[in-house]
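Going by the order they are written in, the chains are A, B, C and D; count residues from 1 in each one.
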Amino acid sequence: MTRFADLREAVCDANRRLAAVGLVTLSFGNASGVDRAAGVMVIKPSGVACDAVTPDQLVVVALEDGSIVEGALRPSSDTPTHLELYRRLEGIGGVVHTHSVEASAFAQARRPIPCLGTTHADHFAGPVPITRPLRDAEIDGDYELATGTVIADALASASLEALAMPAVLVAHHGPFTWGRDAAEAAVNAEAVELVAALAARTLALAPDETAMPEHLRERHFARKHGPAAYYGQHRPGPG
Amino acid sequence: MTRFADLREAVCDANRRLAAVGLVTLSFGNASGVDRAAGVMVIKPSGVACDAVTPDQLVVVALEDGSIVEGALRPSSDTPTHLELYRRLEGIGGVVHTHSVEASAFAQARRPIPCLGTTHADHFAGPVPITRPLRDAEIDGDYELATGTVIADALASASLEALAMPAVLVAHHGPFTWGRDAAEAAVNAEAVELVAALAARTLALAPDETAMPEHLRERHFARKHGPAAYYGQHRPGPG
Amino acid sequence: MTRFADLREAVCDANRRLAAVGLVTLSFGNASGVDRAAGVMVIKPSGVACDAVTPDQLVVVALEDGSIVEGALRPSSDTPTHLELYRRLEGIGGVVHTHSVEASAFAQARRPIPCLGTTHADHFAGPVPITRPLRDAEIDGDYELATGTVIADALASASLEALAMPAVLVAHHGPFTWGRDAAEAAVNAEAVELVAALAARTLALAPDETAMPEHLRERHFARKHGPAAYYGQHRPGPG
Amino acid sequence: MTRFADLREAVCDANRRLAAVGLVTLSFGNASGVDRAAGVMVIKPSGVACDAVTPDQLVVVALEDGSIVEGALRPSSDTPTHLELYRRLEGIGGVVHTHSVEASAFAQARRPIPCLGTTHADHFAGPVPITRPLRDAEIDGDYELATGTVIADALASASLEALAMPAVLVAHHGPFTWGRDAAEAAVNAEAVELVAALAARTLALAPDETAMPEHLRERHFARKHGPAAYYGQHRPGPG
């Protein structure tokens, strides 16, 4: 149990953070992190509450086929979704899934989260997409793998880079987010919940609102993410 | 006060959990647990706040007639409801009642909680039912017993097993939940509050939404509850 | 500073409770208690946050004319309202005022809180009344006294006893509650916020809902408050 | 790092308060304070979470041109907005910016917060204004400076004194607040979030509500802010 100690620690922290900030009720969520050089992913075990998980309970699985490399417990049932996202989305090092209330309401309503203000524009390059519903054959087959596929397809069909749009809503389900590591994926899970809360309240006050002015949206996103970014203490990557 | 020490501890923990997670304000809720072999139920005393109750304050009553076996305080006024549920619902070992805000709003609106997403499908085999309103004669008579009766009838008339649908809303009142023990009943009280919150927000964004696709609903419920369940660390029972 | 030590302690606890349960933001609220034999009321000083007040900061004023009996600080600006309520409402020993969000929204909308379920019926003998708006002459005159007058008038015109309806909404303002002592007034402030939250969510789900069945309402109120009350550990008084 | 120790402490406290009371998620907010005699402003560094900032991390910049006087980190990207507000608004000593949910929803809906009750009237001399949207040329140019300009213009065009209306909503963005020091600016950020929450809930219950009676509004504001103010323990200034 001594390999991947740092990654176990980081992924455990991300899972606990999800519970601490109220994004996860009971065991309805999970965070993972990846070590691409070693070809492994570390993920929460299935059915264990995020606020109680410990580094040694985490499960290490092979990126290629999901086989267990280290761990006595069964990995999260969402493991094939996480694996598919690491395979499809360039540059990501952490993935988070929650059923957080505000973002999941948009997922259940099968609506993208519209980009209505600078809080949103600071984090996401436009509306947060929603996947197409899964087909019956996909649900009957390798369901969790298909969930990863429709997420990656939603980004691809909108020509969005993963680190510029680090969240997608799965129809009838809830949000998946990612980032350069597990901590950043958890931050993006907080961000998507906040912008969903803002959008729902805005729509209650202004039902016909659809989007903020494009000029302002681009300026805010570029403040944090463009080649001339000047937000924070370091230059972010291409995302 | 030394008999039923473990059950007292477990029921006390469940009551305190209800307060800790915000499901119970003041004394508006209660949890109980059963020892079917000994023929007793342990329940919170009436009018005592969930976050202050101690194991020795709990009241032990006979399953058959509700007479006090141990305890200096009067048991919860909802005791006859709990007793009726233990008598009618096979396989349950714990019962919880709360007036949690989101689920009680559906109860007051006399609407079942529609099954709009996977969070719901993971826990409940379809919409969470609402009872018929009690008749005047039932309200004038053994009111709390009649409350248990309409809950059990709501399950029976929909051909639902208690552990597959571990929650019912009582019309004009609020949610009752159950499980294999008091802890699981408390978990289901959290789950029903979460799915009610999700449904209310979904309906605000998509007023015509009525149900998620049946194929997806069945798949998710089977992930956790069917004979081929693969969620969590152990195979669940028939529920 | 040694007289009224117990009352100071009790009133301080009630003020702190208001902050602890989230009913009071900043200094927007206050609790008082009375010693009718001594002819005094103890109340929070003006502009002091509820979560920071100490027993020795509380101000003791004469019931008859509001003159300061003990205390270095100015009493709450709502002092004349509290005094008027003690003079007009029989049997009360504590008063609380908050601007809690859900109840104040009904006050600002000038709607009574409809009685839509058993949570409400357990605590309040029908809809929580709203006062008439104050007249310009009342606003220009002894405004805080007039606030107490319209509260007491709202009870009187509906033939409601103070302990059976321990809350009134002041139009354009917020809730005032009372009880046999300051602690009970604070409990009623929690209860009115909860039933307002429930009613608002119920109305969002069922806009035409107006009242629960009268038969059920009476039964629930009588469980806790009637001569044959069987809720809690002691018989309540006439309220 | 020993100059401005008291101001650093006060501004750090204000930033931490914003996080503690739930107004700021992640790093989405900032507080500053000014020493007009020394010609400097102290502000949170960019991208640092409000709940983790320490006094020595804060950045001291020149009021006149924003150049760094003390500090190893880059100041908040909103620094030019804060500087413009100190230059334009007489008598203010602290500025706060958040993306708090309820107030930002009004900002995103481009609606002023209507003055619907005494909670609002106690703090703000009428509806909380919303700025005009920024023009494309302003967004392309010195965007953060222009944000300060439209805030100050919104006050000026409504003939409002800064301390009588210590909050403005920036269209598509969120609230800025101020006060005589950083602590008071943080209090006003709490107040604007509360009155936005109240207004949104009031409008859900009474969609046609537009304003409270003017007579009552003036009386409440004067209780706290007029020359004959009698709220709190000291006479407030001209605001």
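Just so we're on the same page, a residue touches a chain if its C-beta (ideal position, glycine included) is under 8 Å from a C-beta of that chain, and two chains touch if they have at least 3 such contacts.
This is a predicted model, so every value here is computed, not measured.
Peer 1: List every chain that touches both chain A and chain D.
Peer 2: Looking at chain D and chain A together, no chain touches each of them.
Peer 1: Note whether the interface between chain A and chain B is symmetric in residue numbering, meaning over half of all numbers used appear on both sides, and answer same or different.
Peer 2: Here the answer is different, because the shared fraction of interface numbers falls below one half.
Peer 1: Fitting the CA atoms of chain B to chain C, what rotation angle results, rounded to the nearest 5 degrees?
Peer 2: Copies differ by a rotation of 90 degrees.
Peer 1: Provide the C-alpha centroid distance between chain A and chain B, rounded to the nearest whole angstrom.
Peer 2: The computed centroid separation for chain A versus chain B comes out at 32 Å.
Peer 1: With chain centres defined as C-alpha means, what is the inter-centre distance between chain A and chain C in Å?
Peer 2: 46
Peer 1: Which residues belonging to chain A are in contact with no fewer than two other chains?
Peer 2: Residues 204 of chain A each touch two or more of the other chains.
Peer 1: For each chain, which other chains does it touch, given as pairs?
Peer 2: Pairwise, the chains that meet the contact rule are A-B, A-D, B-C, C-D.
Peer 1: Over in the complex, which chain C residues touch chain D? Could you list them?
Peer 2: My answer: residues 25-28, 45-48, 73-74, 77, 99, 101-102, 104-111, 133-134, 136, 139-140, 143, 172-174, 200, 203-204.
Peer 1: Taking the touch rule as given, give the residues of chain B at its contact with chain A in the complex, in rising order.
Peer 2: Residues of chain B touching chain A: 116-119, 122, 187, 190-191, 194, 197-199, 201-202, 204-206, 209, 212-213, 215-216, 219, 223, 230-233.
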